[in-house]
């Protein structure tokens, strides 16, 4: 980080849920915000130093992992997650002023958003066709700007995007899963780790050795034997061949926790590669439950005992 | 299946890689083929009896699992996978006749395809903007039909789609991963299972019990203790809440194999639910390696011994 | 079993803790009891039909497994444990009438008994030497019969043995562990299994395959994956070479329990050999805790579901 | 150790297999050797400083673990195993000069030896009765010294004991298992550990937590996850109550090996107690096979990587 005021990138344009996540990140209040057209572009801007950190979506409670983010973090120059934000996802159906629902024949939105409102559409606008756009905010922008013959009559977007573009809200909260939440992470260049809070997460990518049979079971045992819980596991193709996977994993705990450190040493030994993507405070804030057999004190006592055995 | 000639649906339009997969499925040769605008629509047509089976993409060696297919199979009326097809994915950049690469300012294609050619685009057309379309074939069709001012000057699509629409190929084989392959599955209504070939796969969805700590490790042990290998594992959100996942899994073996049957009984006991999505011949055709301790003969001998113990 | 009244053998002579165990076995009340000079002889008499069943010690809470019994059950003609009895072990120091503790220079008893009173001896008769005898009862008998110059002045034995031989008790309850208990098993020829009570034990001997790495861990997983607890595990040399072991194991449950049956099938598959030594009511009588995922009902439901998958 | 010449104790008397083991221990050549009447006495002499080390039997390829040694090491003042010796066990049947086999009606020996010659006795002297003695050498000594009416006419003992006492050998090599071997360990007070040789063993006693379900499986996983093989495992009662066990274990490796150290830290955390009984060269001398994922180099590299993650 420079001594200048930090600059924040995000997967834009303005009016996306990602910007809402950045707005919810307190240290970014009042700082310069730079939208990027893709997750890759936002992360590349971090790597290049154009911004100091970037907010990107990583996981959605309905759609699952965001592949573009998982893959962009798993390859290329090293980056670290330094924080996470959870944003409730509430979609609206928005149209130009004066356009009623009855006149909607096509609907524009991002494919992830479309997947989350499909039930509502089938019930209320069964004949509407779908027009993909680059983001939900782009759908709203396109509708506002697209001249006399827009490609679609309504957009599915965040309420703020509808407001930004002077659109009229035809229906609110149209997501098929009312409690839908998207998880965003703030990504920075490697540097000082966020401090331990006792309610932390660590994000890893594990690459298996090709010549290794046990596979995922063996990797999970490295966590289990140290009493570490996983909060997310996703397999991602390594792009080498069909059936060759790596695993994107979130665990409960901080790399400075003894149990996490020992598990990382174990994984580093048995994996082809381990990519450490950061330790940071969990958004839920609930302290990780640690058994007395896996606490730092337990490790310290056991190590002291071992030193005594070894050196008399 | 009816006594009439079977009808096949697929995720269309014509000219997609999915149609190429259906063309490669021998029993479908010369049969009626019906394109559907989405994976969901194709599978719903199977459920409703409008077609007898449908070909849909399930996994890509670069992009990973196809969420729409995984989710549509995991919920709704029961369906069974009865076959799989692997299709090499070779993208071309296609334009209208007479349009050179130098005039391409925007490129249309499906978001999955865009993700797979991003490197080529950065190297050859760094200033081109991306226009999302419903499918790669739709990108070609749109370019062919879109009047004087098309939304994009070139499409990324399969060679067959370029040919279908009379487009000119500006560049061939532009995928960033030359060996990219997409895996398609043929899905039918429940009925007679495909016969055992010794080179089979079984597809499952496992839902964990909420009150169960061990988690994925416990589920994987149900396979390991019977010597069963996994060829694919993906976590998918159950859409109830952030962090609530089910697992979409392919294993080596057929439900009629003793070791697979016993593993299914074990999973059924410990899981909240197990959704069986079919046993079918693996496209690679290589016989599954089965240790002598997990062969059907080994099970039969051990069961006969147990019967002797129990009944004297 | 014959239609005649059953005859019971035991590891004698009369007055041993083993006879006390046989006396505590209700069906043996009033039946003929035949002492044998060794565990092997008692079990051989069962095999030969000289007696219908024999009571032998198998495990002591202080000294551990009784090797002679474990080995005699693990080899030779098939036998089945059909019941178990727990007997508190209370030793007395007994001498001829008129002999005070001050005149005791040597003490006779069985080596297992000596091991259990060593602390008391060190405190009260530190200078007494130890004379091994074939059993605790033999020590008492030898003292009663051994003429003018007995090999030892006092015997460590059961109270009943002292009484049988008209000896004087110098000290009572001299065991170093007051709660010491010995476990005895009643062994019969193979035939009808004892009925399930819900509080049962099953005894097994497991022989590992030589070419099998995983070893004991793999065997224990066969129990764990079916939710079966072990109440005893002992390794015993297979007598082939140093470091070649089999495992003598007691588990909670009856061979007629589904979870036990499936575990036995699994063990039979992966082991070089499995020797089934019987299912019988546990002496403690406390019902085995069975999780709802491993109950017979759970297995039955899961198997019915599997049948549906397989046969439509 | 003092600067004076070391003194060695052993489980005597002279002429036992234990003395043969001590004779085979090169550093003891020409040193003072002190026999003790029991394993406990020999180990207590080490604790008290009366001798510098003592040789005791720990495991027999036919009879299994030597309970007295296992228990004496597991409790009382700390002791360390500093070496091991393997001795082939060859028994002879010995009598007084002039006494033929035909006149043998009773045979004296230690109960462990008797168990190992039972088959030979049944074939050659089926009517002979058994007289227990404190050791095999004591059987020979007793026969030599026992006046006109010995308690037995022949002794089962080591060849050296027959020679020591001027006895006549009636039959050689009468053990039922020709390849029988007994393993002895040299035990000293805690001090400098034997150096690493790459072909080492470490002996441990593990006490489980009472409130801990997983049990032995969980302990074995601590070894498995670090690629450590067990060469011996025995359960021993903790003497508190029936069914309460500790585990006496030998593993391949030295406490100075990284993988062993980490396993010990893990066990210390999850066990009620871990008793370290020493690391010492294996008698077989064959280098331990260590995978490249569990070598010291692998641990060192992984730890250096972790330090980099933690401290930038």
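Order of writing sets the labels: A, B, C and D. Residues in every chain begin at 1.
One rule holds for everything that comes next: a residue touches a chain if its C-beta (ideal position, glycine included) is under 8 Å from a C-beta of that chain, and two chains touch if they have at least 3 such contacts.
Source: prediction; values computed, not measured.
Visitor: Which chains, if any, touch chain A and chain D both?
Guide: Neighbours common to chain A and chain D are absent.
Visitor: Rotating chain A so that its CA atoms sit on those of chain B: what angle is that, to a multiple of 5 degrees?
Guide: A turn of 180 degrees brings the C-alpha atoms of chain A onto chain B.
Visitor: Averaging over Cα atoms per chain, report the distance between chain A and chain B in Å.
Guide: 25
Visitor: Nearest whole angstrom, what separates the Cα centre of chain B from the Cα centre of chain D?
Guide: About 60 Å separates the centre of chain B from that of chain D.
Visitor: Listing for chain D: what residues touch at least two other chains?
Guide: Correct list: 221, 224.
Visitor: Who touches whom among the chains?
Guide: A-B, A-D, B-C, C-D
Visitor: Under the definition above, what is the set of chain D residues touching chain C in their complex?
Guide: Residues of chain D touching chain C: 40, 59-64, 67-68, 86, 111, 115, 118, 130, 132-134, 151, 177, 179-181, 183, 215-217, 220-221, 224, 229-237, 239-245.
Visitor: What residues of chain B sit close enough to touch chain C in their complex?
Guide: Of all residues in chain B, those touching chain C are 190-193, 221-222, 224-226, 255-256, 261-262, 264-266, 268-270, 276, 293-294, 298-299, 301-303, 305-306, 309-310, 312.
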